[in-house]
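Each structure below appears as structure tokens.
Look for subunit A in each of the two complexes below; its partner is subunit B in the first and subunit C in the second.
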Partner chain A sequence: MDMFEVRKEGLLILELKGRLDALTSPGVRDKILTFLEAGETNVLLDCSGMDYVSSAGLRVLFEAAYKARDLKGWIGSYGVCENVKKIFNLADLSSELPTFRTQEEALKSR
Partner chain B sequence: MESKDESQRDEGMPTTGHDDLLAIVSSLMELTEKISKGDFDQAEKIYELTREGKYPPLILHLAEAFGMMMVQVEARQYHLEQINEDLAVKNRALKASIEKIRLLEIIKSHMGKFVPSSVLTLIEKNPDSPDLLKREEDVSVVFLDIAGYTKMSEQLEPEKVNTVIQTYFSSFMDAIFENNGDINETAGDGLMIIFRDKDPAKHALNAVQAAIDIQNRAQAIDVFQQELREAIQVHVGINSGLCSVGSNRFEGVTGTRWTFTATGPVTNTAARICSLTSGGDILVGADTHERIKNHFSFEPAGEHMLKNISRPVKVFKFVGSQEKNSSI
Partner chain C sequence: MSRRFSLRSLIALLSHFKVLIIIMVIASLGITVLMFMAFTQREVTRSMVDKGDEEARNIMRVIMLNLEDHRIGLDFFRDYARGRYEEQLRNLVAVVVSQIDFYHGLYEKGTLSEDQARNAALLSVQNMRYGNNDYFFIYDHRNVAISHADPGVRGKDMSGLTDTQGLPLFKTMWKTAREKGEAFDTVWWTRLGEKKPVTKLVYFYHYPKWGWIVGTGLYIDDIDRDVDKKRAEMIDVLKMIFDQVRIADTGYFFLFNGQKKMLVHPQPAGQNGSSGMDAAPEKDYLGDLMAVASGTRGRMNHLGSEPSHTDAYRSGKYSHVQHFQPFDWYLASSLSEKEMRRPAQTIIRRQALFVSAVFICAMIGAIVLVSFVTRPLLKLARHAGQLEQADFSLSEETTGKLLSIRFPAEIKNLAGVMWNMERRLVEYLQNLKETTAARERMESELRIARDIQMSMLPVHETALEGRKEIELAASLEPAREIGGDLYDFFFIDKDRFCFLVGDVSDKGVPAALFMARSKAILRNAVLKGSSTPEQIFSMANGELTEGNEMLMFITAFLGILNVRTGELIFSNAGHVPPILLKASGECSLLHLPPGKPLGITKGAQFSVRSLHLDRGDGLLVFTDGITEAMNGNDAFFGDERLYSLVQALSPPKDMGTLKQAVLKEVKDFTGSRSQSDDITILCLRFAG
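This part shows the complex of A and B:
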């Protein structure tokens, strides 16, 4: 999985590309937690390039959302494909990590 | 969990033998058993088994299913912890509120000793802006004094005089409140009590009934009677009619003081009627008498010119201790 960072309107936007599974999730976890602990606690995940998420990946997203909340921050996501959205919904991740259709929508909600 | 054949991992789908498969399933069972007993540290090993290409699809799907269960259990656990934290915060706020209420109740009970209950009720009804403005209201006003207070002050030590006054007034409190009266002023040996009700006959009836109850209670008290040359008697004067009822505001250099009272000719007349009494009488003005004459026995006690009142005032004296059987 590739991960790119962009900053926009006070938010850190992390582009996730590829599969978020047992193999890639440890690296993603470390990066997100590092940003959060460094004080960048408002994060938007660009999931438009993420085509699969496994239970291990889901666990990392939950952990990041909880961590952000503990730090009085916020994590949202946008561009989630249908397959991934099904998994998000199955685990009720949306209650912890708001999901938006587009980046504009996500930025507008802030 | 380690794969037995490192070379298989890089070549795509592993070709695991039956025994190997059984060993992995057995490990998976062991892991899930540990997790089910609360050993969540084993969770990482479950996710390790979900690595694509490292284990056979059967194991991968099984581990993925366990992994999803794990995620949901952990999410629910986090939710519960959050709810517990929220509840703890709310519980602390609730405890603080209860403590504030307790303090307010204590303050209220102390204030109740000094503030008329009608004022407390007005404040309770509308704490932000209590309706204390003066307005015309039909009320009955009772003036009561302990006869021979001056003489008693000469015959008894000051502490004993205080004891007498406190004993008498304390015994009157219940009679006043049972009949919906509100003590408005206390001054040395006297009390001013206001009786309010939407029904003008009802507050007059309550005022007279309270006066009768007070007299009965006063007769039962014998504190320091042996040291006093004359028996203590309670005089009561009652008058009913329209008064200006509400707050009076007095502004001085040292501050502002508010009182809640009934003022006007009806109140003045009640005070003057009280000054006419002797021998523990209950005297009422004509307006009060008119309202309660079917309930109690009264006899005319003459017409009197009273200080600062231009016309003569008809007064009636209570003579019957039995209430007449009649409705208002």
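This part shows the complex of A and C:
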């Protein structure tokens, strides 16, 4: 899984590309938590390139959402594809990690 | 066969370091020696022969100088002797001329008439004698001997006389005498009272008053005699020298004249003028030499004989020859090619002996050196060979002992490296033993853990209590020894049958522990009185979130089927939706309410749904280990494939067949690729 970071309007936008599974999730977890602990607590996840989430990946996203909440930050996501969105919904992740259709929508809603 | 064997053993021998080095040393030395010998042979032979040649030429040069010296001496002697004779003649004739002058004076004074004075003068001169019956003569301008001691000549015209060189005597004489007043010449003349003509030096004085030539002559054959004597002495000296001088063993010099007469020859055979041992008698050896002498090379090859076989002319010989013009002499050498080469051969033979000695020494040295080099190597090799069977506790000593031996530095390094390697090997082996033991222990523990985990899963017979309303088949295959999937089913009471499938968000030991805990908690929730799926989930979630700092969670599907009414109530905790199998053969995905996985959200709420199952309806509950099974091309098994497979099989004969078919399809799909996630499948059919 590749990760790219962009900063926009006080927001850290992390682009997640590829599979978020048992193999890649420890790296993603470390990176997101490092950003959060370093004070960049407002994060938007660009999931448009993410084609698969396993249960281990779900755990990382839950962990990131709770961590951001604990740090009084904000976390959201956009561009989630149908397959992944189904998994998000089944696990009721959307209540912890709001999902938007586009980046503009996400930026507007804050 | 034996030949083949010996060839093989030869090849085996060649593969030895030692033998190779020795062969290389021998070969390089041998080649060097052979080249050196060949080169030396050529060079030494050439230079030795050249030197012998040069020596011969030098000696000849010295002899020629000697001859030249003699010639100069002889010329000087001849000139000197002749000069003395000339002076004597001049003095004698001066006396006679003064006598004639006396008579001429009488005529001038008138005492005598001219004829009287002239006749008186002629008469007085005619009777004069001196020395060994020597006399004076007077010629008039007609070359008539008007006064002569020999009566046979007196009064004769002597114009026909020639000198020793055969030229007309009077012609040049008159010319010189008129210009200089006197002239000398030599003629062949017979002594008074003798028959044989000898060389005579003649003096002519021009007496112009009467137009006369007054002269006398002295026999100078004594000069030639002296010269011949001196020349003979010189030949004797040369004979002595030639007897002494030798080039190589039998090379010698000899001297002959233009008439092919041998003058000096050191061998008795050659002294009589024959060609001696230098050429067969029928050959014109001396003639050939004379021809060569007029050429530029001055050297001639020919066949001669050896002292041991004087009659066989087969030995290669060669001669240098030089012509001594003044005497018409030829100085020649006779050299044996074989002898000229002999010193070179001697040198080469000695050199060969010396080189052979050096060669042998070098060989021995090489063998010793090679042994010295290879012995430690052999020792090391033997030691390394023993390592194969060695007990490593012993090897420390032996390699340590090897290290203490005095080896060359490189070998010592090698031994050191081997020693290190050996120690490392020992360490490695110990580590390996330890880690292997640890791994074996861990593996056996994991095996036990797996058994424990499997034993935590319900057994059909006991769980179904022999009830016919439910047909059920379930299995769990962890990706590793133990896994995080779980399933469970049991009767809560007489009518209500509870079943669940869960998937912990990880694999391996942590997941297995969480799975065990989850299973116990879920069962416990039922025992504590929770009777609906959402109550069970809420209670279990509450317990699982306690102290879950790792934020591990479990997704689960839980259903409770009333086997009397066919009513199914179910809740979802983030799980993949099961497939509903209608008795009619229709299949569909069960629509699930959203629900958070258990263990991460405190106070999470779960909703419940209900569904009526007809007789023959069933459910296929599974974990994403099936839909997300991957093949070699990183492709997922996928929902679609599972769905169409189940559709194709519907309605299935029994749940076991369905379960096996799904598992087989997954296995065929993944092929040789190792299982990436735990696989759990639970098939249930309402048979009430």
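By our rule, the second predicted complex is superposed on the first by the 110 of 110 C-alpha atoms of A that agree within 3 Å, B and C clash if a C-alpha of one lies under 4 Å from a C-alpha of the other, contacts with A are read in each partner's own complex, and residues count from 1 in each chain.
One rule holds in what follows: contacts are C-beta pairs under 8 Å (C-beta built on N, C-alpha and C of every residue); 3 or more make two chains touch, one makes a residue touch a chain.
Just so you know, these numbers come straight off a predicted model, no measurement behind them.
> Of the partners subunit B and subunit C, which touch A:3 in the superposed model: first, second, both, neither?
neither
> Does subunit B (first) or subunit C (second) touch A:36, or do both, or does neither?
A:36 contacts neither subunit B nor subunit C.
> In the superposed arrangement, does A:75 touch subunit B (first), subunit C (second), both or neither?
After superposing on A, A:75 lies clear of both subunit B and subunit C.
> In the superposed arrangement, which partner chain does A:54 touch: subunit B (first), subunit C (second), both, or neither?
Once the two structures are laid over each other on A, A:54 reaches both partners.
> Determine, under the contact definition given at the top, whether A:89 touches first (subunit B), second (subunit C), both, or neither.
The answer is second: A:89 touches subunit C but not subunit B.
> Considering only touches as defined above, state whether A:12 meets subunit B (first), subunit C (second), both or neither.
neither
> Show which residues of subunit A both subunit B and subunit C reach, each in its own complex.
Common to the two interfaces on subunit A: residues 22, 54-56, 58-59, 62, 66, 90-93, 96.
> Across the complex, what residues on subunit C touch subunit A?
Listed in rising order, the residues of subunit C that touch subunit A are 503-507, 551-553, 555, 572, 574-577, 592, 594-597, 600-601, 604, 624, 628, 636, 676-677.
> Can you tell me which positions in subunit B touch subunit A when the two form their complex?
Contacts found on subunit B: 43, 47-52, 64, 66-68, 70-72, 74-75, 78.
> Quick check on the complex: what are the subunit A residues that touch subunit C?
22, 52, 54-56, 58-59, 62-63, 66, 89-96
> For the complex, which residues does subunit A have touching subunit B?
Interface residues on subunit A, with respect to subunit B: 21-23, 25, 54-56, 58-59, 62, 66, 90-93, 96.
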